[in-house]
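Just below sit the structures, each encoded as structure tokens.
Same chain, two partners: chain A is paired with chain B first, then with chain C.
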Partner chain A sequence: MTIALSAPRWRPPVWWPLCVMLPGLALAFALSLSSFSLFGLGWMDMWRVLIDYDPTSIKHQVLVSLRLPRALVAIFVGASLAVAGLVMQGMTRNELASPSVFGVSAGATLTFALSATGLWPGLSALPIVLVTFCGAGIAGALVFILGGLHRAPINPVRVVLAGVALNFLFLSLTRAIVILADENAYGVFHWLTGSIGNATFADVRLVIPWTLLGLIAAFWLSHPLNLLRLGEERMQNLGGGLGRVRWLGSLTVILLVAAGVSVAGPVGFVGLMVPHICRFIVGQDYRLLVPMCSLTGAVLMLLADTLARGLRFPDDSPVGILTTLLGAGFFLVLARRNRANVA
Partner chain B sequence: MTRLLCSAAGLLATLLLFAAWHLGAGAVSIALPDLWQTLIRGHPDYDFIFWDYRLPRLVIASLAGAGLALSGLLVQGVVRNPLASPDILGVTGGASLAVVVTTLAWTGAPVTLVPFVALAGGLASAGLLLWLARSQLHQPTSLALIGIALAALFAAAIDFLLTINPLEINSSLIWLTGSVWGRNWSHLPLLLPWLAVLLPAAVYLAYQLDLLSLGDDTAISLGTRVGRVRIAALLTAVVLASAAVSVCGAISFVGLVAPHMARFLVGGRHVRLIPVCLLLGAIMLVSADLFARILMPPIELPAGIVTAFIGAPYFIFLITRYRHW
Partner chain C sequence: MLRLITVLSVIVFSWSAQAEIRVQDELGELVLDSVPQRVVALEFSFVDALAALGVSPVGVADDGDASRLIGPIRDQLDEWTSLGVRSQPSLEVIAALKPDLIIADVERHAAVYEDLKRIAPTLILKSRGETYEDNLDAVLKVAEAFGQQDLMEQRIAEHHRIMDGYAAQLDSDATVMFAVSSVKGVYMHGPQAYAGGVVHRLGLRSPLPQDTEQPYIQATLERLVQTNPDYLLVGEYGDQTAVDEFKQNPLWSVMASVRQDTYVETDPRLWSLNRGMISAEIMAAELVKLLSTSTASR
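Let's look at the complex of A and B:
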């Protein structure tokens, strides 16, 4: 009697989605650079910019000084917001957590509006990332306390309701500030939805260091977040410091949201959608989820911005209206599925 | 009973106080004696401002506020959920979305059509909510959660449509946050008939809703047709909210907060709650509109922003107090 031993089937390594996402990012980047332009930009123009840059050509100028910073900002903002959402979901163990649902983005936007409209001159003198950092921090702390996250058993719905109310409050305040400063209701849209239409290299330089810092911190947190997935008590039994993770995680989230909002405004729901998509693809391991989320967030943001540009071509539309529309539908699906978590 | 009379009298006095302030304050401020004279005999300087500008605005604001508050009371009575209200459940959002879609798709649409469009939108979104939440109706929090998600979706769609097709500033302001700005007598027929018909209906339903609050089994054994009462009350609430939305846009938090304050004042019986709730809603919207106007003259904020200042903290307070998690 022989026992037939089937040879173990070859399986792709766990990091294969990353290998797919990297070329995807390059493709989305190229698409975002070349599509929907009044100057008829094509793939050949991009190639020529690379091999033979001609400063007198209008096409080359458009590509390098308008399109390139915009695409770069999209990449970094998308990565920041997606990873911020991932870390929030991991820390609160609440699948509805994200910067836009909990009002953290709205808090950052409020201080951004206060500073940019000059209604509070002292605030305008400070660097913008510091200002949005404070706003996001205050909003985050409020959600933390009002949602009862500091007490042991967390009710997921309670946190969401507190976050929604705070979101509403900050949004109304931002609206009031913009109307007081502008006397123009239409301008409010562009403030409340998030847009990267006017991104410059100064914005790119502003967002890169904070995003990278935040991403590194998130990567460092991935092991503790894996432990936390087992539950607070188990994590402490296994030697993980719960308090330290919460502090560092909150700081990371606030930093990433502040970086994103400072250059793009509150681009909604990226942080809610992307972690769920990534979990579906790579599973629950945060060591894979952090890089996967940053790549997917960047791709989503690039594609959304490209689409937003084409919506009302040749006029530009804010990218936030597209992500918000998509994300609100996503939120609805999650809210219906949430029944198991509501005890 | 004395408690009801005392609260009603106090609220009526407050409403009159705010009304006088509302009529007097603004770019041209009218002193109280002049106000009285304009009302009784007419005044050459102030007639136009008083009769054609401020009074219609005051009347519209109080009626819309009262309608929203009553709608919130009925919704909370039916779903027995303190966190429910037409705006949180997405009904006002659905009504606004329907109006925005109609005005964009059919530019010459007659203004008399607007309440019906809002009504259709409100009913459709209420139906959608009940269908989406059909297996979780007994859980107050998940109903609220699905409603919030639905409201977010409608708000996103309105933002989307307004960005793609820019309307004039006035209408975008109204559909974004809710405002009483520039409302005049021509808007009154869009609001008053609905209130006149539905207020008696609400009073009739009040006793049945009291029975309903004892629990379904008790209510049935006392002879209530539970299903029919629920549907009638929900329909009344949706129609009231949609009528208010068709005139003022999606004003938030009045329908949530006013019933809670009313319960705090006169207890849980609906027959008593209705008059108090109407007065409170009117006071909230009139005072919100007043502060929206006088906070930073000559700039006017939408009244919906001011109601959110009051309502959102109160909502958070309710969440932290709510014990049945």
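Let's look at the complex of A and C:
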């Protein structure tokens, strides 16, 4: 928290980062649409699609039917995972909380893999968001109970232990399923690293409503999360229903993660990195953090996917490789900074 | 004179029967005291080779599903015991079968090579990701373990005659590519993959550069459209796979193979799993049929 020491002078409005982030999003979007293409796509092609769309042109078709859904999926998945991480960190008051660290993504992935490999035929018949929602829900509920989140003063270490343990449990179960179902075991890699290489408009339609619902819920939760930041007791004194916030927060996280995983698989660490970056820029107010995380998450995901595409161009690489790589580095920086703070 | 020849041949024969069999494989040398009788194969390509020698394996790592081997190979063999999945065959089941020869894949089984050797003499050769030429070398090594190089060389010569016959029928400059499709995505088989080698053997071209190193390349629809082979064969693992999603996209119909009706769905077991001469000959026959009917219809 910053305290004004000098005399009042003009200061930019608190929401200025959002104004910077919006053009940033547009730029990342355009980059993602045009770069690393085998068809030599350029900015002019995008412009022509806008003013004079020609369905018989292969370049236009690539832009509209392949690149556009991929970029849109990146935006919504990035936003949903980032905000899911933010809400989780706010709710558990734990800086290391995120869907990929706490096993919620892994839970969703497990049911996703169960459904997609057809090992559990009944599951394959259900809509995929419902399947991942159940997976994320079960994982969330287990973290909730094992981590003791239903009790008033929470023990942060206990939550982390429960989350990390469950994460590994779900990851190994997913591995087991893939090995059982997959003759080549190429898939192990695929299921454990999120990818949006084959995103379609069907995926966009699938992810949009749930992400929006989750983002609205997160925005609605921003005030109670601000109160919770002051401490659980204070929050109770200020009349904020702690239990209700936790339940609604968990539901929001589960919804957002389920939406993201159902179209992209477990893209790691977006939910860990983005809230930290945003806190650094806009401070601790959740009313600003929620929109800021949505935008930053979307930008990060777009850039990561674009870079992943260039990693072994012309072969596509899953975006999850890049976010995990970035995330691991980020985790280390975070750990170092925390130690420096303590010292 | 006749007696002398008989005596000499008996001596020579008994000497050769007692002689050790030595085969240089991918990780060392296999030494056998006698011709193996109970063989287990940890990859499908070795079963193709065994079938050519008239040897029925007692165990096969068939992923728990005997039908993964194509009928023409299966019909030549007796029933076998499944050893489980190829990536992780059951050492216990292998040991219980008391084999006197294990044939393993250097890519999949190098990690358990020492364990396998403790069970029985192990011949470790290329299989997964092998090229067409690698396969012919490996087949010969399998034959060496049975002291049957001559028989196998004859079979390989016959194979080349058959392939030359098919190649002669295929006078085409068309590009041909095989790809597999599963729920995880579409994987193009490049020139280094077995199917790519068969295509090349028949004098056809791959749409991918000949020096593409990776045998199997994951393809987005964008990559596939850009690769744009004249003939596209896809082997699907499952009813609803990634290629079915590609078909929903308007770009699918932009591809030459879709426009010219030269896109076909084929058996992934034949084109990808059962690498070997028997499979290659059936693949060649399929290609001849595909290319002749489609040129006729055009």
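Criterion: the second predicted complex is superposed on the first by the 323 of 343 C-alpha atoms of A that agree within 3 Å, B and C clash if a C-alpha of one lies under 4 Å from a C-alpha of the other, contacts with A are read in each partner's own complex, and residues count from 1 in each chain.
The criterion applied here is as follows: a residue touches a chain if its C-beta (ideal position, glycine included) is under 8 Å from a C-beta of that chain, and two chains touch if they have at least 3 such contacts.
Since this is a predicted model, take the numbers as computed values, not measurements.
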Chain B and chain C placed together on chain A: clash or fit? clash
- Message: Let me test your reading of the model: by the given contact rule, A:Pro23 touches which partner, first (chain B), second (chain C), both or neither?
- Response: neither
Report task. Go through the superposed model and pick first if A:Leu66 touches only chain B, second if only chain C, both, or neither. Result -> second
**Request:** Considering only touches as defined above, state whether A:Gly243 meets chain B (first), chain C (second), both or neither.
**Result:** neither
Chosen between chain B and chain C, the partner touching more chain A residues is B
Tell me the contact category for A:Ile179 with respect to chain B and chain C: first, second, both or neither. both
Requested in this report: Would you check which partner chain A:Pro121 touches, where first means chain B only, second means chain C only, and both and neither mean what they say?
Outcome: neither
Q: Could you tell me if A:Pro13 is touching chain B, chain C, both of them or neither one (first, second, both, neither)?
A: neither
Notebook entry, point to check: What is the contact status of A:Gly40 with respect to chain B (first) and chain C (second): first, second, both, or neither?
Noted result: neither
Can A:Leu311 be said to touch chain B (first), chain C (second), both, or neither?
first
Only chain B stretch among 76-84, 148-156, 238-246 or 292-300 with CA clashes against chain C is 292-300
Chain A positions within both the chain B interface and the chain C interface are 179, 183-186
The residues of chain C that touch chain A in their complex are 63, 68, 85-88, 182-185, 187, 214, 216-223, 225-226, 237-238, 242, 245-246, 248-251, 254, 273
Chain B contacts chain A in the complex at 83, 132-133, 135-136, 139, 141-142, 144-146, 148-150, 152-153, 155-157, 159-160, 162-164, 166, 169-170, 172-173, 176-177, 252, 296, 299, 301-302, 304-305, 308-309, 312-313, 315-316, 319-320, 322, 325
Chain B partner, complex, touching residues on chain A are 96, 146, 148, 155, 157-158, 160-162, 164-166, 168-169, 171-173, 175-176, 179-180, 183-186, 188-189, 192-193, 268, 311-312, 317-318, 321-322, 324-325, 327-329, 331-332, 334-336, 338-339, 342
Seen from chain A, its contact residues with chain C in the complex are 37-39, 55, 58, 61-62, 65-67, 116-118, 179, 182-187, 190-191, 197-198, 200, 202, 314-316
